[in-house]
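Once you've had a glance at the structure underneath, I'll fire off some questions.
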C-alpha cells in the first residue's frame, strides 16, 4: 500500500472519506463531508494530531458499492492513510473488504449494517442496525410507551430494512405486538397514504419509522391529512427533520427518536459544534450525519494520540496502532461519550428525544 | 393438377369487400397476369395467398395442398415467394446478404455450428455464396454484391427483391408491379429477365402489373379483377381485347 | 369504505402521474422521441416556484407564471441545442440517449444550485378539501385541482392538436417531416412549439406534483418521469386521453395493490399488470391498433 | 510477408473487422499487464479493470438485441441481476467445498444459464410487442426482478434451504445456519473470484459468440427481421425463434457480466440493477454506434472510466460528465458532424496523397 | 425572365455526387418534362428545388427570388407544390385530412372548399374514401391522393415525381389529362416521368438527365422524334 510520504515540507495525516454527494442519498454524504471538514479544520487550527496537520479528502460514491471502491482506490493513489467512511451501508461493506486487505484503518461515521465493520481494522461511530432496532424496542417497552406497534420502512434500503428486521425480531420479547408492517421502496416513496391507512386500521398506538427524514417529512404530512396521530418513533435517520428547508415543524410535534445527537441539546460541546457548523456552512443546523462525522475525525485524533503515531507511518502501521488504541480511548463527542469494543462497535448512551414546539426535548 | 387453385376467396375491411369470391387456377410453369383498376384488390389477393391476411372465406390449394390460413412463414416454406408493391428490402444489409437471407431454409446449419465455426459452416456458407452469386448474375446484380441494399437505385432494388424471392426456391413466384418506376427500356430488360427465370428455373409466376406492354408481352393468361371480383379470365390476347376490360381498365 | 378511500387516494396519486404524462405524451407523440429529461424539467420548474416564493416572496400565481416561462425557455433551448442536431440521425435512439445526458445535466445543475438537501415545498393550492361520508373520506384540494387541471389540459391539447392549424401541423410533422415541409409546415417551428407547450405543462406538473408531495430534491422529477412514461405507454403512445387515463389507472393500481396485496411488492404488481395489459392490448389502452398495409 | 498481405486483402470485410476487435482487446490486455507488472498502474486503474470488463460484456451483449435484433430493451440490468444473484448464492453456499477456479467456472455457467432461461421466459410474451411498447415491458421486467429480490430472504442451515419472502425476521435457522440472501442488504461476502484476466477471457468469448452469431445464417435472419419483419416472414424466416434467440443469448451474456460483478465486490445489493444501469448500458451501445461492437467496447470503457478520471473536478464532476456525454453524442451522431468528419477525412487523405506524390 | 431558373446545381449525398452542375429554366405556363434513366438524379433535382435537400453549389431563382437557401416550407408558401416520389402521404390521417394538409398554406376557407370540390371531381375515388385511413389505400389510390393533395395548395408551379407510377392504364391517361387541365388552368408544371412518351406528348419542352448531368434539351416534339431518345427512353 501507499505510505504517507507526505509533501516536501512536513508530513501530514492523510484522511480520506467516502460517501454520496450526488444521487438521491446526496444529502447524507454532504453532511458527513461538511462535519468532517469542520473537525479537521478545527484540529489543524489547534495544532493538529501529534503535531502534524490533517489533510482531508472526500470522494463521491453515489451510494454505489462499485463507485465506492473506485473512490477508495483513488484515495489510495492520493496517499490516504486512514479512511473515514463510507457513509452508507452497502458501499461500506464493499470498501471495508478492500480496506481489510490493505490493512487500512476504517472508521465509518454512519454505516449501520453489521458487516460494515466485519474486519478487525474497522470501527464505527453510529449504532449498528441490531443495536438501533433492539434498543428502540427496549426503550419503547421499558418506558411503557406502547404495546401495539406498527412499522413503516423502506424495503429497498439496507439501513431501513436492517433496523426494521431487528426491531421486529426483538419486539415480541419485549412484550410488544407488531400489528402491522408496511413497506415502501425507493421507486414509490412519495405516497404513503395506503400504508398509513392500514397502520391506522390496525389499531397501532405507535408507529416505528426506521427511515430517513426526507421521506418522514412527507409521511408526517400525509398522516395529518388522514387524521392519524399515533406516536411516531424513529432512529437516527430521522434526525434532520426539523432542518428541512421550509418544513412545517408542527407536523413533527410529538415525534420521538432515539438518537445520540440532538442539535439543540444544551451541553456546551453540542452548542459549540452547532454554532461553528452553522457559521461555516451558512446552514440552519447540522444533522446526525454531520455530528457522526465530526466525532469520527476527533476519534481518529484521540486514537492517534493514544497510540502516539507519527504522520509518516505507513497506513498498515497506522492501522495496527489505531486498532490497538481504539478500545482504550473514550471520546467525549457531540453524539455522546463513546468507547469502543474490540469488535469495533461503539458504546454510547442513546438519547431519546421528543419534538415539542419545533425543538428537541431530551427525555 | 394445377399449381395453384384458388376458390371463392373473400375478405372485407370494415364494409369494403376488397376481394369477393375470387377464384383462379394456374398451371405449373405458367406465366400468369393479374390486372385490374387501382384498388381492385390485386395486392390484397397476394396478401391472402401469402398469409399476410387470413381470408374470411375460400380455399387456397398449392400443388393440391390446402394452405388456407397458414402463416406467411409456412406458406413460404410450402413454396410461395413474393415481392412487394412498396419495396421491402433488408436495407441495412448488403445485396449479397439479402439473397443469402432468402436461402435461409434451403442451406441450413444450426446456430451452434455458426457460432463455433464448425466445418459445416464454411461448407454451407460457400454453397450459399455460390448460389447467391448465381442468382444475382441472372439479375445483373453480381457486381453490386457488397453494396448496401438501400444504396441501390430504385430499379435495381426491384430486381433484388425478385432475386431474394427466387432464392427461397419457390414453386410459385408472386410479383407485385415489378416494372413500376422503370422506363420502357428497363421494362424490356425486366421482361427478358422474368422470361429467363420462368424458363431457366421452371418457375410458375403470377404477376400484377399496370404496364400493358409487359403484360401483353409475356403473360400467357390473365385474370382481370374489378371491385374485388373477377371480371374476365382467359388467354392474354382475348382478355386484352375484351370490350369490358377495355372499358373498365385499359381505356381508349 | 376503506376501498373507496384507497380508490380516492389512488386517483390522487394517479392524477399527478397523469399530468406529467400529458406533457410527456405531447412531446412523445409529435417529436417521436422519449424525452427522458421531461421529469427533470418538472423538477426545475418546481425549484423556480420554490425559490421565487420562499426566497423572493413572490405570490404563488406570479411564481407559477415565472416557472412556466423559465421551463418553456429551457425546453426550447434544450431542443435547439441538444435534440435538433440529431433530428435526422441514423437512429432514433441517438436523441433518446442525448435526452438522458440532458437529464443528468439538469439534475447536477440543480444539485449545484440548490444542494442535495430536501426542501419542503409550500402547497400553492389553497383549494379546500372535500369531506364525504361524514369525514371518513377526504379528497384533498390538490387532488381536485390536479384532476381539473388534467381534464382542462387534456381537452385543451386534444382540441389544439385536432382542430387548430398548428395542431394539424404537429400531426403531419409526427408522421413525415419531409412531407410536412412540402405542405408548407415549418417543421423546426412546430417542433419547438411542441417542446414549448410540453415544457410549460411540465412547470404546471411540477407545481402540482410538489404541492401533493411537498418534498423537493434534485431527483424529485426522475421517478415520476419514468412512471409518467409508463403511464403514457399504458394509455397508448401519443394518445392524449390515453395519457390521462393511463396515469390515473397507474395510480389506482399502485395503491390498490399496496392496500390489498402487499406493500412490499406493490411495484412488481404494478409492472406485472402493465405487462399483462400490453400483452392483451399491444398498443396500450387507447393506442390505435394499426396494421401495416402490405 | 506479401502472402500475408494478400490473405488479409482477400479476407471479407467483416472478418477483418472482427479480428481487429479481438486484437484491440488483446493489445489492451497486454499493455495493462505490462503497466501492472512494472508497478505503473494506479490503484484506481487497477480497481477499475474488472468493472470495465463487466460493462464491456454488458454492452456487447445488449448490442445484440439493440443493434442486430433492433429491439429497444431497457431491462438489461435485470438479467445482470439474475446472473449476479444466482451465482453469488451458489458461491456462498458452496463456500470452500470446491476449489476457487472450479467454483467460479460453475458460477459463471450457472449465472449464464439461469439468466438465459429468464431471457426465454420473458422473451416469449414480450417479443410480440413492438418498439416503445417492448421497451417499456423490458423496463417493467427489470423493475419486477429488482422489487422481488428486495424482499427475498434465503437462509441455509443443517436442515437445508429456507426461503422467505418479505420478512427476514421470519427466517428461523438452526444454530450455525446463515442468512445468504438478506433482502435489501443482499448478499455479502461473496468470494472475490473475478480477475481482470478472467474478465478479458470472457470478453473474448463474448466477442466470439456475438460476432460469429452475427456473421452466420442465424445472424442474417436476426438482422433481416430487424430490417423488415414482413419481408423476413415472406422468405420463410421464423420470427419468434430468431428474436428469442438474440434475446436469450444476450440475456445469458448479461448474466455472465452479473457473475463478474457479484464476484468482484464484497457486497451485492439489488439497487445496482435498476433501470438507471440498464439505461447506462444502452448509452454505451448507442454512443459506440448501434450494431458496432467495437464501438460498444470503446464507449463502455470511456464512459465507465470518465467519472473516475473527472474526480479532480470534485463538485463539478457529474455536471461535466453529463456535458461530455451530450457533446460526444452530438459529435458521433449529428448528421452535420458526420459530414464534417467525412470532409476532414477526405482532406487529410488528399493532403497525404500530395505529400507522397511530392516525395516520389 | 423565366419563372424558375436553375443554374449549375451540384448536390452530394455524403461523398457521392448526385448532381454534377445542372441548369435549366421553366417559363410561366409551360409544361416541362424531365426524363432520364434510373438513378440519373431526377428526384434529387426536385428535392433540391423544393428545399428538402441542400445544394453545395449553384442557384435556384423562382420569380426573381433566390430560393437556394430558403427552407422548404417557405418555398411552398411562395407557390411551389411537390408531388413526391413514393407518395409520402400521411398514413395515419384520413384521406380528407391529407387533402386539408395540402391546403395548409391557404387561409380562405371558401376557396379551399372550392379546390376540394375540384379535386374530388377529378378523383372521385378520393371522395368515396374520404374517411379512410390513407395508409390502407391501394397503391394507385395513394398516388391519386398525393396528386390531389398537391393540387390543394393551388400552386403557381407544381413539380411531380412520376405521378403515373402504379396507375392503371385508363388512369394514366386520366392523370395526363389532369396535368393538361392543371396547366390550362394557369399552373406551370415540371414533370418527372418514366413514361417518357406520354410526358413528351403533353410537354412543351423537355430536359434529358444522365448521371447527374443534362445531356439534351429541346422542344418536346423534337425530342420525341430524336432517334437517340427513341432508343434510350421510348423503347422503340
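Worth pointing out:
Note that the chains take the letters A, B, C, D and E in the order they are written out, and that residue 1 is the start of every chain.
By our rule, a contact is a pair of C-beta atoms (placed from the backbone, for glycine too) under 8 Å apart; a residue touches a chain by one contact, two chains touch by 3 or more.
Bear in mind that the values here come from a model prediction, so they are computed numbers and not experimental data.
Listed by label, the chains touching subunit A and subunit C alike are D.
Between the contact lists of subunit C and subunit E, the overlap consists of B, D.
Should one ask which of B-C and A-D has more C-beta pairs in contact, the pair is A-D.
Taking each chain's centre as the mean of its C-alpha atoms, the one that lies farthest from the centre of subunit D is E. Chain centre most remote from that of subunit B: A (centre = mean of CA atoms).
Computed from the mean C-alpha positions, the centre of subunit D lies at a distance of 50 Å from the centre of subunit E.
Here the spacing of subunit B and subunit E, counted between their Cα centres, is 30 Å. Averaged C-alpha coordinates put the centre of subunit B at 42 Å from the centre of subunit D.
Rounded to a whole number, the gap between the C-alpha centres of subunit A and subunit B is 73 angstrom. Each of residues 43, 52, 84 in subunit B touches at least two other chains. Counting partners per residue, subunit A has 21-22, 155, 183, 185-187 as the residues that reach two or more other chains. Counting partner chains per residue, subunit D shows two or more touched chains at residues 143, 147, 150-151, 166, 230, 315, 318.
Checking each pair of chains for touch leaves A-C, A-D, B-C, B-D, B-E, C-D, C-E, D-E.
Interface residues of subunit B, counted against subunit C in their complex, comprise 43, 47, 52, 84. Contacts from subunit B toward subunit E in the complex involve residues 13, 35-40, 43, 85-86, 153-156, 177, 180-188, 210, 212-213, 248-252.
Taken together, the subunit C residues at the contact with subunit A in this complex read 2, 5-6, 9, 13, 50, 54, 108, 111, 115-122, 138, 140, 213-215, 217-219, 223-224, 254-255, 258-259, 263-264, 266-267. Within the complex formed with subunit B, the residues of subunit D that make contact are 13, 208-209, 212-213, 216-221, 223-224, 226-228, 230-239, 245, 291. Looking at the complex, you find that subunit A touches subunit C at residues 21-24, 26-27, 29-30, 155, 182-188, 190-191, 193-195, 197-198, 201, 213-215, 217-218, 221, 225-226, 243-248.
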